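Order as written gives the chain letters A, B, C, D, E and F; numbering starts at 1 within each chain.
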Amino acid sequence: MNFVRNQMPPPSAPRGQSQQPSVNIQMAEQELDMITTLFNNILDSCHKKCIQPNYSEGDLNKGEQVCIDRCIAKYFDVNTKVGLQLQKMEKVTTRK
Amino acid sequence: MDFSNLNDYDRKQMEHLIEEKQMKDFMRMYSNLVDRCFDNCVNDFSTKTVTSKENACVNRCVEKFMKLSERASARFAGKYFQNINIIKK
Amino acid sequence: MNFVRNQMPPPSAPRGQSQQPSVNIQMAEQELDMITTLFNNILDSCHKKCIQPNYSEGDLNKGEQVCIDRCIAKYFDVNTKVGLQLQKMEKVTTRK
Amino acid sequence: MDFSNLNDYDRKQMEHLIEEKQMKDFMRMYSNLVDRCFDNCVNDFSTKTVTSKENACVNRCVEKFMKLSERASARFAGKYFQNINIIKK
Amino acid sequence: MDFSNLNDYDRKQMEHLIEEKQMKDFMRMYSNLVDRCFDNCVNDFSTKTVTSKENACVNRCVEKFMKLSERASARFAGKYFQNINIIKK
Amino acid sequence: MNFVRNQMPPPSAPRGQSQQPSVNIQMAEQELDMITTLFNNILDSCHKKCIQPNYSEGDLNKGEQVCIDRCIAKYFDVNTKVGLQLQKMEKVTTRK
């Protein structure tokens, strides 16, 4: 998960700007958990979709590399779309 | 879950804890839903764009799951009341 | 998990009644976790048993609805039976 | 896991932590066991009552798993002692 | 994840939290990797020793996964930047 | 998980000996978590490899017993080998 330290995403204004340390920490922690979970799920899903479990060799062959790149792109998009759909459903049912 | 024996301080703490857990549980549900719908709907890796067919499948997958969750919520509460006496020795 | 707030189960006397806040909180938290886990497992299992992964439509059809209701009832019963069986085994082996 | 370098305060804290973790682990094991035995044994949804056949299957499923856990506990402790030197660099 | 609005105390706390989470995440990755490679590679229980064939398979399984993780890390960071505006309402 | 209490592994000197309670507790907790996870994964994997899900009887038959013993031994070895391989890879890429 080194990408967290090495490549910081662009700044994003946290909601409800507050001077209370615990709230900022809590929000930062939640975002960190979301990113970690998303990354780990991508590893799992794309391993399942793109890599044969017979492990004929240790390197990724060309086909696997292409599959992985596309899998990650698609997973991200599905992640976004599902989020938007859930938001829309929330507004309709006001279940929150 | 009887909260009537908790004092005011505990009650506030419990309310905050429930809020925190509901947030965590929503995040978990969201991640699992993405995983489920991706695994079931996305199989065409000849392109890096989600096809319209896959898109429609994901849509229905999400809707179906949320409807399941809604129905299960109702049935679950009912069954929980029924069983609460058997589980407590 | 809104059923937690909206539909409180009937009162149950906690074991070891104590005035220490942390113990009451701990027990309440444990019970909450059990309920949440049970609910989420039911969603998973009954989705697996009752819903075809081709997702021909977004609504639940009549067959799926009936299956889901029965699945939930059965899951609850299995949950109870397993609990009772584990209790019986504990007493036999006094492994605790 | 050497606890001899922990002072009395730490030791008490560690004992409490182990108790808490054992409780959580038991709950996890219980939930997973229900899930496993339900998935493997319950497939007849023409009724909302657990059939006697399914009941017997669940019984054997639970017993089998607990016997596996018992055997694994014994073998695990043995293997842990064997390997402890290799893992620690 | 903007840390510029955190004071010095928070920043230290956040750094410690990230360290703790990275350690936990590494442990989780390690456990899952062992599980995955064991499940896929080890199927010969006529012996209690890992065969050379199984050994080689595990080796490649681990290498393959780490290479996947490396590639995914790079692509993930890129995609995260792309999408950050869509997700934030 | 009773083996933790009943059969303590041989003493191991913790790194960075310190008088700070929290560090010792943290390291002990981490080790405990590793052991618990390893044990639970062994139960899962060896159940999958050795036990037929039709559950014809409650006892473990002779074949299952032998399979389980060998499965546990092999799982442990794979756990060690993967650990060593990851260490070697770390040194090569100095990714830490």
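A few points about this structure:
Just so it is clear, a contact is a pair of C-beta atoms (placed from the backbone, for glycine too) under 8 Å apart; a residue touches a chain by one contact, two chains touch by 3 or more.
None of these values were measured; they are calculated from a predicted model.
In terms of the stated touch criterion, the partners common to chain A and chain C are B, listed by label. Residue-numbered contact pairs of E-F overlap by over half with those of A-B, the repeat interface among A-B, B-C or A-E.
Each chain gets one centre point, the mean of its Cα atoms, and the points for chain A and chain F are 29 Å apart. Averaged Cα coordinates give chain D a centre that lies 13 Å from the centre of chain F. In whole angstrom, the spacing between the mean C-alpha positions of chain A and chain D is 31.
Mean C-alpha positions place chain B and chain E at a centre distance of 25 Å. Across the assembly, chain B contributes residues 41, 59, 63 that each touch 2 or more other chains. In chain C, the residues that touch at least two other chains are 2, 33, 69, 73, 83.
Beginning with chain E and heading toward chain F, the contact ring passes through the chains as E, F, D, C, B, A.
Those residues of chain C whose C-beta lies close enough to touch chain B in the complex are 1-5, 7-14, 17, 21, 24-25, 28-29, 31-33, 35-36, 39-40, 42-43, 46-47, 51, 53-60, 65, 68-69, 72-73, 76, 80, 83-84, 87.
Within the complex, the chain B residues that touch chain C are 1-7, 9-10, 13-14, 17-18, 21-22, 25-26, 28-29, 36, 40-41, 57, 59-61, 63-65, 67-69, 71-77, 79-84, 86-89. Across the complex, chain A is touched by residues 23, 27, 30-31, 33-35, 37-39, 41-43, 45, 47-50, 54-55, 58-59, 62-63, 66 of chain B. Partner chain D is touched in their complex by these residues of chain C: 30, 33-34, 37-38, 41, 44-45, 48-50, 66-67, 69-71, 73-75, 77-79, 81-83, 85-86, 89.
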